[in-house]
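Two complexes, one shared chain (subunit A), two partners (subunit B, subunit C).
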Partner chain A sequence: MPFPANVPLHPSQLQTTEANGKQKFAKINNHHHNSTRNHITDSDRTFKPAQNPENTITKLMDTSPQSPPTKKRKMATDTIAAAAPAAIEDQQEHQFPLPTILTHPSATPPILITQGAEGRLYKTTFFSPNIPCALKYRPPKPYRHPILDARLTKARLAFEAKVLERCRREGVPVPAVYAQNAAAGWIAVEWIEGAPVRVKINEWLGQRPRNEEEEKEADAKEKGPLVELMKRIGAAIAGLHRTGVVHGDLTTSNMMLRPPAKSTTDQGKETNGVNGVGSEEAQEKAKLLEGDVVIIDFGLANQSQSDEDRATDLYVLERAFASTHPRAENLFEHLLESYKQTFGKKGVSVLHKLEDVRMRGRKRSMIG
Partner chain B sequence: MALETLQIEHVPSDHHVYAALFRHVQNVDFLQAQLIGKNPEFEYAFIDASVLISRTHLFAAIFRALNTLTEGTLQTPNVHSDIVIGLSPTNNISESYRRYGLTPSKTRDVLVIKIVYPKLSCENSTISSSEQQQTPESIWQHLTAHIQGTPTPLTDEELAKSTDWAKVRKYYKLNGVPGVERIDKVDEAGRRREMEGLVVSGIALRGL
Partner chain C sequence: MPDAKGRRIALGCEGSANKLGIGIIAHDPVTGEPTVLSNVRDTFVSPPGTGFLPKDTARHHRAYFVRVAKKALSASGAGGRKPLRGSHRDGAGDNGGVEPVVLYVSGGNTQVIAYAEQRYRIFGETLDIAVGNCLDRFARTLEISNDPAPGYNIEQLAKQGGRVLLDLPYAVKGMDCSFSGILGRADDLAAQMKAGEPGPDGEPFTPADLCFSLQETVFAMLVEITERAMAHVGSNQVLIVGGVGCNERLQEMMGAMAAERGGSVYATDERFCIDNGIMIAHAGLLAYETGFRTPLEESTCTQRFRTDEVFVKWRD
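Let's look at the complex of A and B:
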């Protein structure tokens, strides 16, 4: 199904081919060691105060989300200044000026989650104090021509927003778009509870025996929950590709694992256990990997139905996965198998193409 | 019952948003005539409540209009009419007025929004001085004096009572959408939540 006719040029079409080629190359070779990202902490959902100055401020202010918004609504900067003169110094040292949109009042102050090469991601609330949201802000790049920069940023964010909406309509699990001002450099999307898949997998692996012998001995049952997760990831990617979108930056950081909503049926699940695992500890562990896979970060997404582009998406993830989760590398085949199962015939030819792409990747790394 | 002051996240603190819901409004034709006659005393957003599914839905349109106001890119003569067309996922302005605004002899329940904000003198509005003095009390007084209807609390429950889902599905192109259809028919709440997400996205993305 094609995009509506009024879709403007994709940002990549605004760039010179050379620049674009370079960007892609750099992405493929570097992203798995996150050289351009500055994730606050590996367990970036815990908001450890020591590592997050903004959070310290939150603490000092003691703003509980339940407090009546009318009383607490203030300019974020005002509040900070009033509450903690020391903290504002801290903030100026470690932090960046907020985008204008976030200087307007909200029930709780925005929290900086990540600062990447391209932009920043804030956790804040939208519409109402009880609706958490992720606000992505791409500040102007001082080294780029201002008019070109503004045009690129706008086109990119607009495209990202459109891809999200399209996926959502097609039933691919992605955040809903709440609001955007692409010209001002931001989009606000639904906040996905849980944690990045990367964090969850590492947490899960961390609880397993580290000894290589034991690792090998671990039977299929024990790895069951991770295998199941790999299959859900494969199915989610197949769903994405089916809508005619390739992601462009598939990593386990760009997928969230959203724990199942607490409901009365959880009680039953608990007693039955997952995969019939007996001990309480094993049940807890199995639960760690439960939930829906939600794909995020469509900043480098593209419209494509080609096997080549789809295979490249999988290859990027395969490489990233191997370096982020070396101990689970051998489980990647389950992801691919499920991708194929979900995608049918087309999946078969994408996987075929993946072999070519791998080969070229190997050659390139031998030369480079 | 009184006017509600809406607290919408990330709206400039000098922009005040007031709202009220009236049921069984008897004089929709009169209200519509004031809008058409550009009566400066009736600078309100009048919305047909049957197209609204929730407060969040409403907030999305208000947020959008306030954003265009502060950016100086209003698409209609004022922020109030921009709220009405702000509900639309399409760019057809006159159709948006028809769908989301008042329709004499059809509209029953009316949602009113009033925005009060510091107007710059260069905006050259004839009502700018009286506007400055508007208070929730004076607005409420004016509304109750001119709207023949039953003031009703603006809650999600009340809004849900009058939602015309057939219209909502049509206007926001939600019929046969896989993202909704894949949710079990029994899970009506889940389907509605998903539709709300798509409605809000539709509002946010118009014009991109």
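Let's look at the complex of A and C:
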């Protein structure tokens, strides 16, 4: 999941997402305060000095010389939220060094969108100021052996470009590749509007009753839009696999929900009316999950036609889905069903293999 | 069982793999503050080049159980009676971090975990063998001593390596990873080394080079999947638990990654990382305090108890 968190969000949405992120974080903090974690720390404190003064809990904070001080970084983030666009660029240049490609004077000032697991995602333009583009930069990883790091970065970027081109040729909706330099660690791809599926699903689930029993009582029909989305995701993955590509890192963060064109929205409204989801509120809610599923972030992708690799792809998503959206875990079967329907015979054997893969991971012996 | 100071006391027994641990913990009834009264462990060490067999560890555990228990009891100053404890397989509760992503790495498990809605959710894990198992088995290939632990000796040997990085597979799939292919390749390289074949730079390579390369590769994978989970859940804190978590190279690499994300790593030492009775006692007491009871005659052992099977009632 190279660029997961808030992947290609429209800049206007950026602040909202950031705020959401903070909210979530604050809530998590609360967990911590009245949780077991405090207790254990306390126990360690009382226990350790007497027993073994050398083996205290090691807190390795900011030991790396490459890293900017945490405080400075935090200030930078705070300022981003409040400052004018010009200031944002300044701050960001201080935050992380830019890849050379983005330092050329002709380029549109890049905006740092997110710091994913693999690297940083910038929004800039390509060729003309009217063509927005996502530039993904994979800086060297300080923790990784330099030889291993260079080998991985180069191979992954080259594969990403190759796989994206292949998908494009076969008509699978993915971002188009504009340019790339695997050795320098960057790739420029088409900017996809919309929000990650993860954000949309959580937003949608957030509007539902928290209480599990209430939720069960809620009209089964209400889950319709989410079921529909699951089916579209299943079909999208089947389309991808059919071209001989496995993604390697399927999560709901690595799929964008691209808002439909105007006419499609109107159609959607009509359909909802027919389905009996009458109220304006319900219509708004249904619209939340509309759009095309565009799979992104092919940093761990590979070319493979084996059932094993395809099943692993689905398994990775299944687990990521269950842990990210525990409240919608039971809807995953709709995704698989739609995958099977779209993929036909091959799909049946992949799902068969999926059962093997599940068993291997989950019921492994704990001895050893 | 309340003691003279009115604290609840629990005794936890851990007997997985080749380790036998008994720990005694006390919780203050008002503040809930836990105090570790004792934490004793005895390890069955098999000769170099061999693993431990269930029948041998069973014999070891039977022979040492009473000794370890007596030691734990006398060190704690508690009397003989004990309440029945619940069981919790891992040390996921053992940290001082802000809601962190937990990397749980041991001989039996390799999982990336984060807490959400009453459960520790597994975001990623090994698709085949555990990382600790991979290291243990490679120590066997090299016939390195198992005392105090094979992983510890690999770590020490790796410190002498670093001249070359031998090419090993790198197997990461999303937040999952796999180690059996790496072990197979490392075993092949070890065979080449024993046959006197040169390494990639034309020079012969040593067991230290192999240990170094193996550690660099598998730890880079672990740090990568942890970072991916952090980016996914929006946390910049990491907690490392499990026996492999003692490895200082892993802690160092994780520290470098977390620092770059503006966060930090919490790691603990062998007393809490490696199987121990305290984590069992603590989890059991927490469950007890939320009303969880198991009558003695209904208590059983569940092997292969997964991290996400436990309903965590004692947290928000």
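Operating definition for what follows: the second predicted complex is superposed on the first by the 240 of 368 C-alpha atoms of A that agree within 3 Å, B and C clash if a C-alpha of one lies under 4 Å from a C-alpha of the other, contacts with A are read in each partner's own complex, and residues count from 1 in each chain.
Here is the rule we go by: a contact is a pair of C-beta atoms (placed from the backbone, for glycine too) under 8 Å apart; a residue touches a chain by one contact, two chains touch by 3 or more.
Here the structure is a predicted model, which is why all the values come from computation and not from measurement.
When the two structures are aligned on the shared chain, A:A117 is found in touch with subunit C, with no touch to subunit B. Taking subunit A as the reference, the larger set of touched residues comes from C, when subunit B and subunit C are compared. By the touch criterion defined above, A:G224 lies against neither subunit B nor subunit C after alignment on the C-alpha atoms of chain A. In the superposition on chain A, A:R360 makes contact with subunit C only, while subunit B stays out of contact range. Of the two partner chains placed by the overlay, only subunit B lies in contact with A:A158; subunit C stays clear of it. Once the two complexes are laid over each other on the shared chain, residue contacts for A:T324 go to subunit C alone; subunit B is not touched.
In the superposition on chain A, A:R168 contacts subunit B only, with no contact to subunit C.
Residues 70, 73-74 of subunit A lie in contact with subunit B in one complex and with subunit C in the other. Note for the complex: subunit C touches subunit A at residues 16-17, 25, 27, 32-36, 51, 54, 89, 93-99, 107-109, 114-117, 119, 121-130, 132-133, 136, 165, 170, 172-176, 216-217, 220, 223-224, 227-228, 230-235, 251-272, 282, 286, 303-306, 314-316.
On the subunit A side of its complex with subunit C, the touching residues are 1, 4-5, 21, 24-25, 28-32, 34-44, 46-47, 51-52, 55-64, 66-67, 70, 73-74, 114-118, 141-145, 147-148, 152, 248-251, 253, 300, 312-313, 315-317, 319-320, 322-324, 326-327, 357, 360-368. Interface residues of subunit A facing subunit B in the complex, by the touch rule stated above, are 69-70, 73-75, 101-102, 104-107, 124-129, 131, 158, 161-162, 164-165, 168-172, 176-184, 190. Contact residues on subunit B toward subunit A in their complex (touch as defined above): 5, 7-13, 55-56, 59-60, 63-64, 67, 71, 177-179, 181-182, 197-198, 200-202, 204-205, 208.
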